[in-house]
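Note that subunit A is present in both complexes that follow, paired respectively with subunit B and with subunit C.
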Partner chain A sequence: MHTMWSGGLKLKGYKTISNQQKSITAPIPNTLIIPLQQHIGQLTHPVVQVGDKVKKGQCIAQSKHFISAAVHASSSGTVTAIENHPVAHPSQLATPCIIIKTDGKEEWITHHGTSNYQQLSRAELRDRIGKAGIVGLGGAVFPTQVKLTPPSDTRITTLILNGAECEPYITCDDRLMREQASEILQGMAIIAYILKVPHVIIGIEDNKPQAYQTLQHALSQTALFPQLNVEIIQVPTIYPAGGEKQLIYTLTGKKIPSYELPAQQGIVCHNVATCFSVYEAIVKGIPLISRLVTVTGQKQGFNVRTLIGTPIQDLLDYVAYHPTIKHTLIMGGPMMGTALSNTRIPIVKASNCILLQDTPPFEQTMPCIRCAQCSHVCPVNLLPQQLYWYARSKEFDKIQDIHLFDCIECGCCSYVCPSHIPLVHYYRYAKTEIWNKEKQKQKADLARTRHEFHLFRLEREKKEKAERHKKKKTTLNKTKTDAIQAALQRTKAKKQPTNNSDKNTMQNDPNPTDSHSQVSTPDKDKSLL
Partner chain B sequence: MLNVLFVLSGLTLAFGMLLGYAAVRFKVESSPIVEQIDALLPQTQCGQCNYAGCHPYAQAIAKNEADINQCPPGGEATIQALAELLDREIIPLNEEHGRHDLPKVAIIDEQTCIGCTLCIQACPVDAILGAAKQMHTVITNECTGCELCLPPCPVDCIRMETTTEDIEDWRWPYPNTYTTTLPGS
Partner chain C sequence: MIRSSPYILQKTTLQQIMLKVIYALIPGILVYIYFFGWAIISNLLLAIGVALITESIALLLRKRPLKPYLSDGSAILTSILLTLAIPSIAPWWMIVIGVSFSILIAKHVYGGLGYNPFNPAMVGYIILLVSFPLEMTHWVTPINMIEHTDKLLLNITQTLQYQFFNLLPTHTNIDAITMATPLDELKTALNSSAKTVSEIKDEGMVYGYIGGIAWEWLNIAYLIGGLWLIQQRIISWHIPIGFLSALFLMALFFGTDIDQSASPLFHLFSGATMLGAFFIATDPITAATTPKGRIIFGAGIGILVYIIRTWGGYPDGVAFAVLLMNMLVPLLDYYTQPKVFGHDSSPKE
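Here is the complex of A and B:
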């Protein structure tokens, strides 16, 4: 049973180029280039130094932050540099990487796992998954242990395994499901145990019947803990069926509102390849140091188990792919992938596919004719045309009002646009501009409070100085008057006896001085005036 | 006739009092225009606008004493935002006050610094750390790049550096679509 969202595209799959043969394993490259940031969240810090010998599986970078993922050496060797190196990113900027010269010995660090994971506490399991550097391998690379720690007030009722793999050409999840079905199910059971979930749904696109059958078969063979109810459902092959919110809607009929996470609706979604990595980490004690990568686009495609950090050139050499000036090299799929500028870029945790295609003919961008084809195919029911107008005129408030941040950048709108307008590029431009404005505002707010405090501090210091000055003055005056008083006292004391006799005489007199002064005062005043 | 007049004036009085009371009781505090202008300024506190900081400049704009194009760090974006707020024409930046440049931070050459504290006194956001005859350093995250610390330094040990763009802060460029010419035109 499934409900269907509106929009989407029926695309030609090109899956058989690479999914017909068993996966192969790439040789160890001479150099591994391992980026410190392969996940969403905080940057990790190297825990090795240049010149250090590292073993396979050794942690080489980690972070104290919760939303982060550790990085491990994919093979044994020597750290030759920790430097900026270009990575697969549309900016073509370089980021910090650890460069390891491999020795080919594949010397493992001592590692151990347990198949008796139910003996361990849930916190311990999460910790092990975090330390193994596992991130979502479907493409979002969000740290898995964070997703396994839902807020205490939410109860997760359904775990969804994403095996849709909806983008054309990519078949690494398909092959993994066919070859490692029981491992995926065991990884799934570990995740279900951690989340205390009674119900699991595995969603697979109906263009992968073998994967579906293998998983069904493995499910009947594998002993999972008994209270777990697992369903495997085939979903229609419509791009982007594997989008998280799209798949959840198809499988459960639940719509996840804007700015909400599936966990708030009691759902958690994990990719099948992530489950396999969880299995490896817990049962075998192996951190995330390799992944299955689809290399395709030419006559014959492959699925290659590749060490994280392998330069793409080594991988292309291994499968005898020779990019020329006529080709376009893409990391990821044809709809959402990133075009690569050179082949020294390493394979990272997010790299599900390397696509070598003939460069399509250049299409001139033409004006929008308001045909609304983009609106029909949008799987999130946005107004792509209106978003385009607002992004083009840089009206960033209005563009947020029509839900720019719900856009999943699937590329359906750009694909169908008869005027070849790079619509998704406009949305990405608007998103990064808005984030930048937000950052600038935070910086300005900080500077404002700092400046206000600066002025307050100056004022306070001025006041304190004045206070000190005044105090000093009064104490000085006081000592002065005190001294005078004391002197007067002394003279008074000396004159004491004579004073007494004076008083007596004055009391007897009718006091003529007082009357005199009363008369004289007005005169004095007049003279003053 | 008289009754009608009484009733109507009574009603007028009653409703007038009700409205007057409501105006006081349910008054909506809108932030004064100076604060709204100040919120749009970049808060570098550099004084390039010829005022002692962003807030004084905001006051001057509010009083119509200063134009909206005197803020080089804010550049075109700030002028646009101010024009929108104040319902004025967008005008180009007055380059007498300086040019819009990439964001910068001050860096102190700690080998040359003699610890005179003059830059600390000049910094409008207290982003320089140090004490007399001790080495000074800039808290980069809090530096606004105002350059006010440069002139007082007696040994010229402070330099301005453009902040390098990292992947986190990278922005997609505005799509470069060519001016279209329709076939046949």
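Here is the complex of A and C:
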């Protein structure tokens, strides 16, 4: 049974290019480029230095912050540099990376796992998952241990495994489900155990019958969790069926309110590949140092188990893909991926697909004719043409009123627009502008409070000075009067310092708005989770 | 230009959409030719020519690239719709005035494609209607009526001579070749209370099988083209259904005195009903955009059409109704925004 959200697209899948053959393993590259930030959350700090020898699986960067994910050496070798290097990012920014020259020996660090995970405390399991650097592999790259720590007042009742893989071309989850079904189920059991959920639903798009059958079969073979009720459900192949809130709605009929997390409705969603990594981390003790990457777009596509940090060029060479000027190289799928200008960019935890596409002919952008094709297909029921209008005219208040931040950037609207307006591009622009403004506003607020405080202090000092002066004067005058008066005056003067010290404590009072804690906007937080 | 996701696009272009709308008009044009003669073809060619020239002038003045905007087909479609809405023997200068007004004023003065709030074809139509009211009633006698009347049939040369040189065959005046449209005829008859509907029916000059004589076929042809457009997902059903059902219900509700009022079916299959419902009101640029808004937009037009036809000063009211509803579009769009996913269940924000 499933309920369907409105909108979405029936897209040509191009899945058979890459899902017909078993996955292969890429060779160890000469150089690994491992970014310190491959997740959403706090940046990690290197715990190795240039010149250090590292072993495979050794933690090379971590963070004390809870919302972060450790980074490991994917193979043994020597750290040759810790420097900025371009990574996959829309702006092709360079971020700090640890560069390792591999020695080809694949020397492992000592590691151990246990299949008796139920012996371990839930906190211990979470800690191990965190130390293994596991993040959501469906593309969100949110640290998994955080998602496994729901607020104490929420009870998680349903765990959803996302095996929808709705973007065209990508088949790494499909292949993983076919090849590692039982491992995925064990990873799922570990997560279910940690969250104490009684009910798991695995959602798979109905264009992956083999994956569905393999998982069904594996489920019937595995007697690991009798108390766990596991359902495998095929969902209609309508892009974006794998969007978190879309999938939850399809499988449970629950609409997660905007600005709420699924956990607040008792639901937690994990990608199937994440479950596999959890299995590896707990049962085998292997941190997240490799992932399955679909390399596709030409005649023959592949699923390649690739070490994190492998330069894309090495991967392309391995499958004999040769990008030319006529191609577009994309990390991720054709609907939501990022175009790359550089093949020295490394594979990271988020890289589910490398797509080498023949660049389509340039389409002239025309004015919006208000045909509403875009709003018809928007899975979130937004009015993309209106968002576009406000983004263009920079009416950022109005654009938020019509819920810009509910846009999941799925690209359905741009896909259908007969005027070929790069709508999503405009939304990203508007979001960035708003975030920047927000940051600037915070800075400005800070500056303003500082300034106001400064004025306040000047004013107060002036007053105090005047007061002191007056007191002095009066004291002098009063001494000339009778002794009783003078004595009274003295007691008064003695009291004065107490008043002053009161004011002094006020000065030390930390101004609430003066705090330096970086408050990110609620919207940003939402998109992070 | 920075390419950003998505990297695959649907193949449909504006040009293809406009072309499909033009294809969908073909059955209507064929029926038009059958009943009113070949002059419509030369009118269409003239109108398209004028549209392309005025569009080019406007683009050059506004410093826009010619090729993409000329080839999008929107100007051509506007000129075709306007031409189909006016009498087939309209003099050439009426076509020139109407089309250039549509393109230059109604479209480009407001910012060109995508920005015009009023349906350009209908603005052109109204300009002609108020400037040349007489010429706008000069519909030639439909071919199937000729033998029942003392009207004359012009051949193509005679028609062109009239259109371009204002020459009619000797001893012929314009009344000898034209007659009032069924809507017009019925309205005059009923308003003067000269005859009852059943008497009019018996005379066989107004009523055809279901709607206005001859015009019913035209309406059926437009209906077929329109249904094809819906099937092709070029237009959505909301506006036509809103329009037609509102018109039908109005005629049903206010037409209880069947001897004094036109039947619902007569309203649906007369005048510019189907052309308006499927081709004119559905112009995306000037229509409402939300599903609910579109139903209300269509229904508003249907109601206004009935009001104008029944109590107003004109026999048909599609053009006025469309323009009036165009004015309400911002309001409709604003108040009919669909509930955003995740904002419908709990209003917590």
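Basically, the second predicted complex is superposed on the first by the 451 of 529 C-alpha atoms of A that agree within 3 Å, B and C clash if a C-alpha of one lies under 4 Å from a C-alpha of the other, contacts with A are read in each partner's own complex, and residues count from 1 in each chain.
What we mean here is this: a contact is a pair of C-beta atoms (placed from the backbone, for glycine too) under 8 Å apart; a residue touches a chain by one contact, two chains touch by 3 or more.
All values derive from a computational prediction rather than experimental measurement.
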| item | value |
| --- | --- |
| Which of subunit B and subunit C A:Asn19 touches, first, second, both or neither | neither |
| First, second, both or neither for A:Val416, with subunit B first and subunit C second | second |
| Touching partner for A:Thr432 - first (subunit B), second (subunit C), both, neither | first |
| Residues of subunit A touched, compared between subunit B and subunit C (which is higher) | C |
| First, second, both or neither for A:Ile369, with subunit B first and subunit C second | second |
| Which superposed partner A:Pro334 touches (first subunit B, second subunit C, both, neither) | second |
| Partner chain in contact with A:Arg457 - subunit B first, subunit C second, else both or neither | first |
| Which superposed partner A:Pro360 touches (first subunit B, second subunit C, both, neither) | second |
| Touched partner set for A:Leu382, first subunit B, second subunit C, both or neither | second |
| Overlap of subunit C and subunit B interfaces on subunit A (superposed complexes) | 90, 364, 366-367, 422, 425, 428 |
| Residue ranges of subunit B in contact with subunit A within the complex | 38, 41-45, 53-55, 123-127, 142, 144, 165-167, 169-175, 177-178, 180, 182 |
| Touching residues (chain side subunit C, partner subunit A) in the complex | 2-10, 12-14, 16-17, 68-69, 72, 74, 112-115, 236, 284-285, 287, 289-290, 333, 337-346, 348-349 |
| Touch list for subunit A against partner subunit C, complex | 5, 11, 90, 168, 245, 249, 255-260, 328, 330, 332, 334-339, 355, 357, 360, 363-364, 366-372, 375-376, 379-383, 385-386, 402-403, 406, 409, 411, 414-420, 422, 424-425, 428 |
| In the complex, subunit A residues that touch subunit B | 37, 87, 89-91, 93, 95, 364-367, 421-422, 425-426, 428-429, 431-433, 436, 439-440, 443-448, 450-451, 453-454, 457 |
